[in-house]
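All chains are identified by letter, namely A, B, C and D, in their written order; residue positions are counted from 1 within each chain.
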Amino acid sequence: MRNFESDNTSGASPEILDAVARVNAGSAASYGADEVTAGLAARFADVFEHDVTVFPVATGTAANALSLASLCPPYGVIYCHREAHVSVHECGAPEFYTGGAKLGLLDGAAGKITPEALAEALAAVWRGSEHMTQPAALSLTQASEFGAVYTVDELAALCDFAHAQGLRVHMDGARFANALAHLGCAPADITWRAGIDVLSFGATKNGAMAAEAVVFFDPELADGFLYRRKRGGHLISKMRFLSVQLEAYLEDGLWLRNAARANALAARLAAGLAALPGVTLDAPVEANMIFAWLPAALVEALVADGFRFHVMGADGARQRVRLVVSFNTEEAAVDAFLAALGRHAGGAQAAG
Amino acid sequence: MRNFESDNTSGASPEILDAVARVNAGSAASYGADEVTAGLAARFADVFEHDVTVFPVATGTAANALSLASLCPPYGVIYCHREAHVSVHECGAPEFYTGGAKLGLLDGAAGKITPEALAEALAAVWRGSEHMTQPAALSLTQASEFGAVYTVDELAALCDFAHAQGLRVHMDGARFANALAHLGCAPADITWRAGIDVLSFGATKNGAMAAEAVVFFDPELADGFLYRRKRGGHLISKMRFLSVQLEAYLEDGLWLRNAARANALAARLAAGLAALPGVTLDAPVEANMIFAWLPAALVEALVADGFRFHVMGADGARQRVRLVVSFNTEEAAVDAFLAALGRHAGGAQAAG
Amino acid sequence: MRNFESDNTSGASPEILDAVARVNAGSAASYGADEVTAGLAARFADVFEHDVTVFPVATGTAANALSLASLCPPYGVIYCHREAHVSVHECGAPEFYTGGAKLGLLDGAAGKITPEALAEALAAVWRGSEHMTQPAALSLTQASEFGAVYTVDELAALCDFAHAQGLRVHMDGARFANALAHLGCAPADITWRAGIDVLSFGATKNGAMAAEAVVFFDPELADGFLYRRKRGGHLISKMRFLSVQLEAYLEDGLWLRNAARANALAARLAAGLAALPGVTLDAPVEANMIFAWLPAALVEALVADGFRFHVMGADGARQRVRLVVSFNTEEAAVDAFLAALGRHAGGAQAAG
Amino acid sequence: MRNFESDNTSGASPEILDAVARVNAGSAASYGADEVTAGLAARFADVFEHDVTVFPVATGTAANALSLASLCPPYGVIYCHREAHVSVHECGAPEFYTGGAKLGLLDGAAGKITPEALAEALAAVWRGSEHMTQPAALSLTQASEFGAVYTVDELAALCDFAHAQGLRVHMDGARFANALAHLGCAPADITWRAGIDVLSFGATKNGAMAAEAVVFFDPELADGFLYRRKRGGHLISKMRFLSVQLEAYLEDGLWLRNAARANALAARLAAGLAALPGVTLDAPVEANMIFAWLPAALVEALVADGFRFHVMGADGARQRVRLVVSFNTEEAAVDAFLAALGRHAGGAQAAG
């Protein structure tokens, strides 16, 4: 499996599939009234050291859009990175779920927003004027779309500023586990303790079949969420099959083991790439994704070797590539990639 | 398991769970570009003897609302039965996905709509006048919310009339297999041959974990569906886990076996009930659901016996109950229920 | 002008046109920051004996839809009469502005809702269940779509019940002045004192060119109204031309004089009709509208005489007609109509 | 009146007020079925030398948002200038009316878009991929938000490119008359002949009280417009009062006289400003608006003289100001401003 295209191409952790099979026995109350779902709040509260309101959904786009609709009125603005998934790759889901709110796009290195960028955007808004949509929320992606990770301090600074400006803060945690594994801190440190109000807690990319959780740290914000989820078609009737994925994901640290493994393999790949002449990493490799500029000849050679990854753009004789390591990427695939890099290094250097 | 509450409380067919486990091997393209998903169009075309465009989604509400949004503009009216799931139990999903269309509510025995009821509603509309929302679609539920089944002729008459009036026709087939098993006809007979334009093809209630398919018989109507599904948050990233449920569901007639079994058990229950003094069936029992008026004392006695079912209302000393049989309801549970009826018949008679 | 079709076919009161011409002098701050607009709050507060938040808009549909969007979330239900303008004749404006809420349709004589009808509808709702849209508001029309007027006590009873059930109450006052002129009470008596939370205060039908006001009696409910109005395209740039219509409308009792005049002429028409054999009034004539069943021959004769009015339906040899008297309907037209009735009485009787 | 704040602070042309008063006589069919409204299509067809479908509305925001909703599905993108009114100053009206479409923001000098900027934005879109909202429309503002005017060739180039890319083109013509007066060409030259599909034809800023017209050059695009307008609350009941403003506006060239006068006065102001040391015009002054950088001391002196205008920003010792000339700005006000510039020139130079 020489596939580094996406962490969505991997399957599910065996532990999670086993849990799904186990929960099939007998009957269970539908629509989330089952015991597994009921138990999730306590599990998440334990993980986050905080009372939480938890809503399982099947996709990250649903988690994000429903979260944002809880934070932003139709006439509001949600600030996010210009390359954020919610802006670029969800086909307008936030606009749909909020009833037509705007996304305010911010620039920032490696997919990370700074308080300065947010401040600059806010300075252009006439607060309280009906002529303009009004700032309502900030959405951060942790780990970022380019594989970088916000530090605890960065998050706290952003949330403090956003709150001072009257914004609520959402975290798109599609790769939350990878960020956490990188930082080695407590889940609370990069969520409510830093000031996050709502988290899209991702499990799908890191080992589940289709399971995400919207986690509210302030239960008042969850008002109306139940109805928005249902009318969005996201209330799963046999909910236990979804909830048990989250249960198994959190069980015995599976989620962190999976993420740490992917991060470590990504770091090995990154180190191998960075050592090559003519190669530049485009963002710090802190999670399970690598963005890098490679000589076109090297890209061609790797493709010829059967490696699969995304080419995101080109600039003269160099190409920008994205490699993603999944929780179950085989070590052998990484070894093979590194070996190939070694073989091609000379040619790459010549072409670089 | 003396549970007759819902076909959503049952688990999944072992064949479907096995297929899910099998598809986990290796990696697969994400977001529906995998081979299992690609194969669904041919499988459904085979089942329906017609070219179809098929979109898997995880919930029936999503299937219905996305279907209806393909048929009805924001200023349109979707006619449906007053008790239709899309009207009563989806928390406004059709209104949300259409951008604020109206549901026009029609009466009709046993949850079934007649051309006459539709004609009467249409007569009150000023066609082409901007003051009124305009008729756009008809949504039928097969089997109906009360367990009745439209015949082939009934469907054809309804679709013919609706088409003549410029409406498109959607079928909510949450229990499509149960209807089909009852009629013993071809799937085509109660869909495109009768005039159905779009079908919400349900699998969840009849053996899947969470899998429905939106089936378009006219591909032009599917324009924009991809985008609406994605912005609704209903594009599953590891789609093969969803698609394979549909594949297994259709494999070797599993879906029809499951439905026929549930129908047969429901028929046994219904016969037992109907034979009792003081009991009236509220709708023909043609699928896997029974709606009946029972003496309150009998209801009480059955509950005391540990049987679980929904009490939907009361009228003097009688209560209206709903019993639903699942694909995997144990024969023993039905036997026990019938035996209990026998034991309580005397008391019920006295109270009736 | 033998036209009894609508109070929208009349022009504007000269006093209002004069005020519009007067306000044209000089320049004025735009978008409602002008002095005329600023003065409206005090004028309305004076009229209603209560602090109010007032927003001028150009149409009744805008007033209603924006009001309702302030009271009802996208997943809410607004209860109204089955024949209410907001339901039948606004092409889904409430659904559009609320983001897809539902209208719950209630029956009731003469276009008036009773607490009993509301109670029955509420009894079918699972309060707090995500499967159903949730009751949020009640919308009453005063005078009703059929020309009847709620008494002070009727309004109080409805509002009390609605509030007890957690609903907010909106009044569609497109013909508010006509209702008030009929009752002879204070504006406060049929609004906030009775429990109305928001009023669509109509002026257009009763003498303005295009001017309505949304009047909030609880300023907290107006949160977000400014933004909804602007994004609905209803913030008029040269607002003084709109506001001055409302100012002139309220000046020296113009509004009540206009309404009283129309009511009185309508009463004369109604008395003339009711005295005829074969004629039945369909609703009490308490405002400026008459709904009546007439012998078809009489309808034909009146049309032949050049009278214009709406025929709403037929039942055998009788037709249901609507006659509307405007603030500036000529007395001579009413005299002529009554004279014609006298002439045709014999023929009508024969046909009746 | 030393007021250069906005062309919305001016009143209405006497010819238009007279027409409004005249149309008040007698009664007229409501909701646009009157003769004045019926005559608008022919008048606009005459002006534009092309069959057109015309819809009067009361505000520019309504005209724009309703137009864009006719061109763009909820999952579409409307490209416009980053500073376009539709993006910055309509509180999300396009998002609301389209059901949550996106605005794609383009840069460009003087508020004008280039085909290159559009091409660059389109290059980043995965056409046909459900992950991304899809390009649907281009919206141009003529004259631009900064008072510049697209030439005939510039428009043709933009429309040709947009059409080749599958986009429809909308023109926000809030100051269409000013642009036309500047170019001296036929209205057709900068609309359908250049490729414009829909025009928001503004009259309010240039002499009407509250009147705009949506002009479709391709009637098929107007499908559904009637319903969208009504459910937006923008169907005026006594429509003749709105339509007659447009009629009078076009009568005997009033619209072009008004615009030419404002343009000429703006040009005088601009020449006076440009001649001063330390003053830089920020955009070509081609319509009735001036954007310029002035020494802060000069701004202060002018304000002290009683001149009113908007200060849009500051950069060191210079301030960016906007001056707008209305159709009825007094010549004396312009003379006075120029005289004041002369007086302050020395001081400004010193400060500059």
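Brief remarks on what is shown
Note that in this section contacts are C-beta pairs under 8 Å (C-beta built on N, C-alpha and C of every residue); 3 or more make two chains touch, one makes a residue touch a chain.
Please read all numbers here as calculations on a predicted model, not as lab measurements.
Ranked by how far their CA centres sit from the centre of subunit B, the chains are topped by D. Counting C-beta pairs in contact across B-D and across A-B shows that the higher total falls to A-B.
Subunit A and subunit D have centres, each the mean of its CA atoms, that are 42 Å apart.
Centre to centre, using the average C-alpha position, subunit A and subunit B are separated by 35 Å. Rounded to a whole number, the gap between the C-alpha centres of subunit B and subunit D is 52 angstrom. Residue positions 31, 74-75, 90-92, 95-96, 99-100, 130-131, 133, 227, 230-231, 235 of subunit A each touch two or more of the other chains. The touching residues of subunit B, counted against subunit C in their complex, run 74-75, 88-92, 95-96, 98-103, 130-133. For subunit B in complex with subunit A, the residues that touch the partner chain are 1, 3, 5-6, 8-12, 14, 17, 20-21, 23-31, 57-66, 90-93, 95-97, 204-205, 209-210, 227, 230-238, 241-242, 326. Considering their complex, residues 31, 73-75, 99-100, 130-131, 133-134, 224, 226-231, 235 of subunit A touch subunit C.
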